[in-house]
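You will see chain A twice below: alongside chain B first, and alongside chain C after that.
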Partner chain A sequence: MGEPKDKIGLKEYTAIALFLIGIKATDDVPAMLFDSLKNAGWMGPIISGLIAILPLFLLLDIAKKYQSKNSIDIFYHLLGKYVGFFVLFLLWVAGFLYIVLDTATYSDIVATMYFPRTPAFVLYAILVGVSAYGAKRGLEHIGSVSWAVFPYLQATLLFAIILTIRHGNSGFLFPIFGPGEWEVIKESTMSVSIYIDFLYLFLLFPYVKSVKDFKKGTWIAFFIALFNLAISMVSFVMIFDYNTAMSLNYPYHEAIRSITIGFLTNLETFFFPFWLIATDIKFAIYFYINIFLFGKLFKIEHFEYIIPAFATLILFLGLIPESPTFSVFHMRHFFGQILSPVFFFLPILLWVLANVKGEMRK
Partner chain B sequence: MRKIPIIAKILGSLLCVTILSGCWDQKETEELAYVTVVGLDKDEENENMVKVTYVIANPEVGSLAEGGGGGGEPPLETISFSASDFITSRSLANTVISKEITYDVLRNIMVSEDFARDKDFIRWMYDITKEMEIRRDINLFVTKEDPSAFVQNNQPKMDTGPHKYYELIFNRGQDTGTIPPSEVGQFFRITEADADLFLGIYGTTEKSDNYKRDRDPDQFMAGELNYEGQTNTTQFAGSAVFKEGKMIDTLTIEETRLSYLLSTTMKQPEALLVALPDPFHEEYEVATKIYREKDIQINVNLKRDKPSIHATVPIKMSILTNHGMTNLAKYRDNREKLKKAFEETLNKEFEEFIKKTQEEYGSEPFGWSLAARKKFRTIPEFEEFDWMKTYPEMDVSIDTQIDLENFGRQTDLPKMKEVRD
Partner chain C sequence: MMKRLFMKSKKKQISPKTDHEQGVDPDFDVTLEQFKKAYFYPVNTDFTVRNLHIGGINKRAAIVFINTITDIQVINEFAIDPLIKNQEQNILIEDIITIQSMETKNTINDATLDINNGNAALIIEGESKVYILNASNFEGRSVEKPDNESVVKGPKEAFNEKVFTNISLVRKRIRDKNLIVESSIISKRSKNMVYMLYLKDIANEKLLDNVRERVNALDTDAIQNLSLLEQYIEERKYSIFPSVLYTERPDRAVSFLEDGYIVLLMENSPDCLVLPATFWSFFHSAEDHYLRFPYGNFTRILRMLSFFITIFTSAIYVAVVTYHIGMIPPDLLLAIAATREKVPFPALVEIVLMEIAFELIREAGLRVPTPIGPTIGIVGALILGQAAVQANLVSPIVVIVVALGGLSSFAVGDISMNFTVRLIRFLFIFAAGLFGIYGMTAVFVMGMFYMVSLKSFGVPYLSPLTPSYQSSKDTLFRRAIPKEALRPGYLKPKDIKKR
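Presenting the complex of A and B:
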């Protein structure tokens, strides 16, 4: 399929963006935040979100300025041929590692919480296989599937959260500042990389119908994702209290195991399939963006043909870490802290350069 | 678009069949033994072992699958043996039980009092958080005797299916406030927070010699109700008190009910039926139905030299009996007097119980540390404050506010003097 022929609309783009970020509430991102922020973990997404507004705003401004240009060309244009290539290459490497670690986490969730007897390799292969197939179908397909299933997934997530809050106790949210105000601000700043997916989505802006839609979609997705993250973390604290929440690996999956509606007890069997669909879509998007970037970097026109090779590589790399629950968790944590400044400063750099160059042209 | 050959489509759907059936985790419900209760007890000979008891429900009993013939199978099967933990015991059990042991429908964990009082008890409890099949909202109950004896003596005449029996008796007990809500998840939470006490359900099948220790009919716990008749020997009443993951004492029904009324975290019972002394006639008692409609209000004051707690307990009350035959309908003063007297009685009972928790336990089962947490900005400050250390020293005052609701179907009673005239 190569480059997308049709452009995706506002709805599709917003759904895609939400899948990338909103679903983080259900993996080990909350565990990461609880680890350092204790019961103030829910402030993490809010504070880092406030910080993320600046780079986001600048990115959108750049997109507006260079509407007619391709996103990849913007990098070359602003940073020069060599530096531009280098930065894009690093972004690609980061994205690639991110997929490896993320897929490892998600297949670990399935393996430890739902299918303990199935070999990790099989679960991993199915996850990667389905996502690679989704990526192969191209951006338009991913977009329409995202939009088609998004309302159901959002509704089930909210439903799970409401049930969790109903079982919970708001007293657990206190002392309100957890480990201390400074600690909260510091740690939240370090985890601004939760929103780094917007940097990758920026690469897709030429394939959204209009820059106006891109802008609107980004802000809508940003605020809904922020809300999802914050409210689900509030619900986790409310049901478990911080000591338990800190020691859980995957709070969402523990929460849906702890809630009941009247006589209905094993509710996780209801929420799990929805979560699986969301996971597959999320990785289909990741795969697509990453391979798209790779194709652009090395000027491969029909980049969809490298998808199988990529998928296999990711699969084997992801299987390397021993006891993924810990090792991948730490790698992701470490990786997130490295990426946070990248996400914050790269858009600033691009924007400053864009303005300097713009003035020079005048 | 390129046409996909039909053979590829068939192969693709066949592949889906293998994946959708659940891979290696596929299970046949017919081939599983459903454990509904796990019992844990100390192994007398080896301290690194536990005695595991399983109550395995027969899913066919009570269902339509049983058919019209009545079915000869018993509703449950029990087995007790020693194992290093209750995870590895699953495969050990299969030397006797023909089906694979599953914890999918496990709803209750039962531990002997002896084991619960052991300092190593908590090590085995945390196995629950590791096992994928066990949920956090299962019930924890403590039995006075060995669980293996308990399950053998426990022979409900009706509701013979074990899952149904435990669910019904626990729900009923929690509705009447005789036993506390006792979820394993809460046990972990309270133990980890290291501030409050956890209350577990207390039960036994052995009758105690210690029938009704004093005049008050609510001052007893499991095994102390003296009854006759053809029914089960099992009693669930009162609570087991856990401090820092170790059982330290038991509470009577009355103390359990007081805990309910003072608690900020427990789900309130439907209504408590309590007999209180009649202020007009010393020799009689007035049966009342009380419940707490609103949340208890707790004011923690840490500013003063000696930290203090002031709690306001809003109670709705209905009068069920009036053996003194006092005219309450006609005279407002009488009602006020009744209200005042009951408020005082309850205040006194609350305060006595709180004093007991301060002096004997050094903490409380009411979840009050949560109210104190609100007074702090950060967790390190709260940990510095150390609730368990401060609570015994605190000044606690209770203010019960009774709202009299109704006085029964017929409010007026004949005057005793006229009847006997």
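Presenting the complex of A and C:
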């Protein structure tokens, strides 16, 4: 494996990006937003999305300017050898911690919502094992799997949301601004880190067939993900009202427990495997990007060989927090607030430097 | 020298001919003796030597051949007869013999090759070459209906064990000078020939080279037929997924040829190999395209459904009954619980027991001699179904679940893919027994990662679905025939437009 041999196409890239961000509607991100935004929680992804357009646009502009260059080299080129290394290293550390916390959250979802009697360690190990296997197969194959299963997963998500909305009460959406306009904007700004995955995806742009495809894919994924997040949060408010939605850690999984069609009363086991497929693929991508970055930083050519070691490390780190439903939730919340300004300002910094340096060269 | 030669040939009794690299001796007796030695005459009873005297030019001659694989009538009528009756004195041998085709060989070794292929060798006094008369006639059956890939609508010819018949069946469908039949010898001892068919102006050169290379790199004594060759040239020999398509229908082979695929044919193989193969080529059947658009796609849906039913029903039953009882509507749950009440085994054991029983019936049904065939039905249906339930070994619902899965597996027509599906089913059953739906999903995702990473002669297994290529998008569904205007782009054909 090592570096990807074949480049991935538009469809595959878009699916990858959607898996990273779209699936956040089903973990505890909605809970975080409901916490501060009350019933206006669904505006969170929209407003922070609007804010995210700027850094996203700048990132894509940089990619266009340096299309012949490697993404890692762009950092070195713009920030200098030492600062560049330092920034990338921080990005890697952040990504690594993010994976630890995220895997802990997801295995906690499985453990608390579906398999309360199975040891958490086993569930966690399977999750990490499957994702590590996927990561080891390489970017092209992750892309292929993503695209092959994506339409079905999106369809089931929409199906679940439609059913939820059907059971819901649209009156719960009002007052539309919840705690107040200013509060909504302020809190949403702090959660712009929902979209930070695009910063990591930026590292992969040389492996997408063309920069044009990369740009197109990014925007498509961005808007579909934004739509998914917003519409699913609307459905959660409608079915639970904000008081319950605030106290639920994993509203999606509670929602699919509450919905019914005809004589089928317990649909969660129907939706669960689809969600799980998405989860496994998402972490395969996370693993891959993180280890790719690590390999680039420390000049490891065949970085796939460190995947098993990394997976084991992540597994044991993720098992440390006691009662993850609460502790990891708070850590993630805190972490997200730190990363938000990073996601916002780093692209701006890069873009300004790119322009200054570009002019100097001329 | 003869002594040494004899000793050597005694040591390796089976291939004395490898020691006959030298040219043909003009001395008639020496040459004839060499042939006799090579074929252990007269121990070898079907090796025939016919001595004769050519009239007119007044020379001694002999025709040697293996009479079981040679058309004796042809030799008699077009070679022996004219040679003996010849009166002219200044005439070439080529002009005396009226046989359809003949050639000359300069070494004993080359000549024996032809003799082994059913031709006759004519040795003439004073000449340092041997005339080869084309008269081969191997016994075999005639063109019959396909056994494994039967269709309701469409041609009903199948390949048989004679390779020239098979090539002729292909040529009958493609009357084009660009259809090339390349041949090469692939085994050292049995000298098995493989014929590579492709369309010169469509098939990709790199792909051709790749196949040629792989076929010629074989270093083995004998490869009897294509089923064995398949296992020599496939990339992943231990993989659960097949990577070379095996079909007995000439019409199917031709439709692949026309798309730029390569077809391999061999003597003694009532079938052909199509390379490269994708998942879809195993999934499709010949009839999909013969049926009209809606009907063809309907069978495709059914087949996909049966794919999933075969792989998942038993596993889902195990998972649901063991871990996700809440999923079942209460009435059904009570019904299942009532039938399971008396069964002493966990659901996993129950299912595995019945699955194995079903596989046994299938395997035994294949091997059983026809006269006692109906017994299998009685044993299978009555004893394993009815009696097992009455004895409280399994619950009735398990019989339904397993029968449904087993029945569906027959809808997967391709033999290799059929095995794949049946084996994967067990993987899922065990995963479901261990971790319920969670385990099944884990196996599914890993399986997907594995499947997309497979390649058959450089072509990704799931293409053109992913990675996507320019093509007619003939994957799960097919399009209307006039809209299928492109050849599959993953083969990189020289001419991608069909219409």
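Operating definition for what follows: the second predicted complex is superposed on the first by the 362 of 362 C-alpha atoms of A that agree within 3 Å, B and C clash if a C-alpha of one lies under 4 Å from a C-alpha of the other, contacts with A are read in each partner's own complex, and residues count from 1 in each chain.
Definition applied: a contact is a pair of C-beta atoms (placed from the backbone, for glycine too) under 8 Å apart; a residue touches a chain by one contact, two chains touch by 3 or more.
What you are looking at is a predicted structure, and each value in this text was computed from that prediction instead of being measured.
K.L.:
Check whether A:177 is in contact with chain B, with chain C, with both or with neither, and answer first, second, both or neither.
P.N.:
first
K.L.:
Just checking: does A:168 make contact with chain B only, chain C only, both, or neither of them? Give me first, second, both or neither.
P.N.:
neither
K.L.:
Touch test for A:123: chain B only (first), chain C only (second), both, or neither?
P.N.:
both
K.L.:
After lining up the shared chain so the two structures overlap, which partner does A:269 touch, if you call chain B first and chain C second: first, second, both or neither?
P.N.:
Second partner only, chain C.
K.L.:
Report for A:8: first if it touches chain B alone, second if chain C alone, otherwise both or neither.
P.N.:
second
K.L.:
Regarding the shared-chain residue A:254, is it in contact with chain B (first), chain C (second), both, or neither?
P.N.:
first
K.L.:
With both complexes overlaid on chain A, does A:137 touch chain B (first), chain C (second), both or neither?
P.N.:
Second partner only, chain C.
K.L.:
Which partner does A:318 contact after superposing on A: first (chain B), second (chain C), both, neither?
P.N.:
neither
K.L.:
A:115 contacts which: chain B (first), chain C (second), both, neither?
P.N.:
both
K.L.:
Based on the A-chain superposition described above, do chain B and chain C contact any of the same residues on chain A, and if so which?
P.N.:
114-115, 118, 122-123, 126, 265-266
K.L.:
Which residues, counting only chain B, touch chain A once they are in their complex?
P.N.:
19, 22-25, 104, 132, 135-137, 185, 188-189, 192-193, 264-265, 367, 370-371, 373-374, 376-382
K.L.:
Write out the stretch or stretches of chain A touching chain B in their complex.
P.N.:
Interface residues on chain A, with respect to chain B: 38-39, 112-119, 122-123, 126, 169, 171-172, 174-181, 240-244, 247, 254, 257-260, 265-266.
K.L.:
Using the touch definition up top, name the residues of chain A that touch chain C in the complex.
P.N.:
6, 8-9, 11-12, 110, 114-115, 118, 122-123, 126-127, 129-130, 133-134, 137-138, 140-145, 147-149, 263-266, 268-270, 272-273, 276-277, 280-281, 284
K.L.:
Mind pulling up the chain C residues that touch chain A in the complex?
P.N.:
Chain C reaches chain A through residues 320, 323-324, 326-330, 435-442, 444-446, 448-450, 452-453, 460, 462, 465-468.
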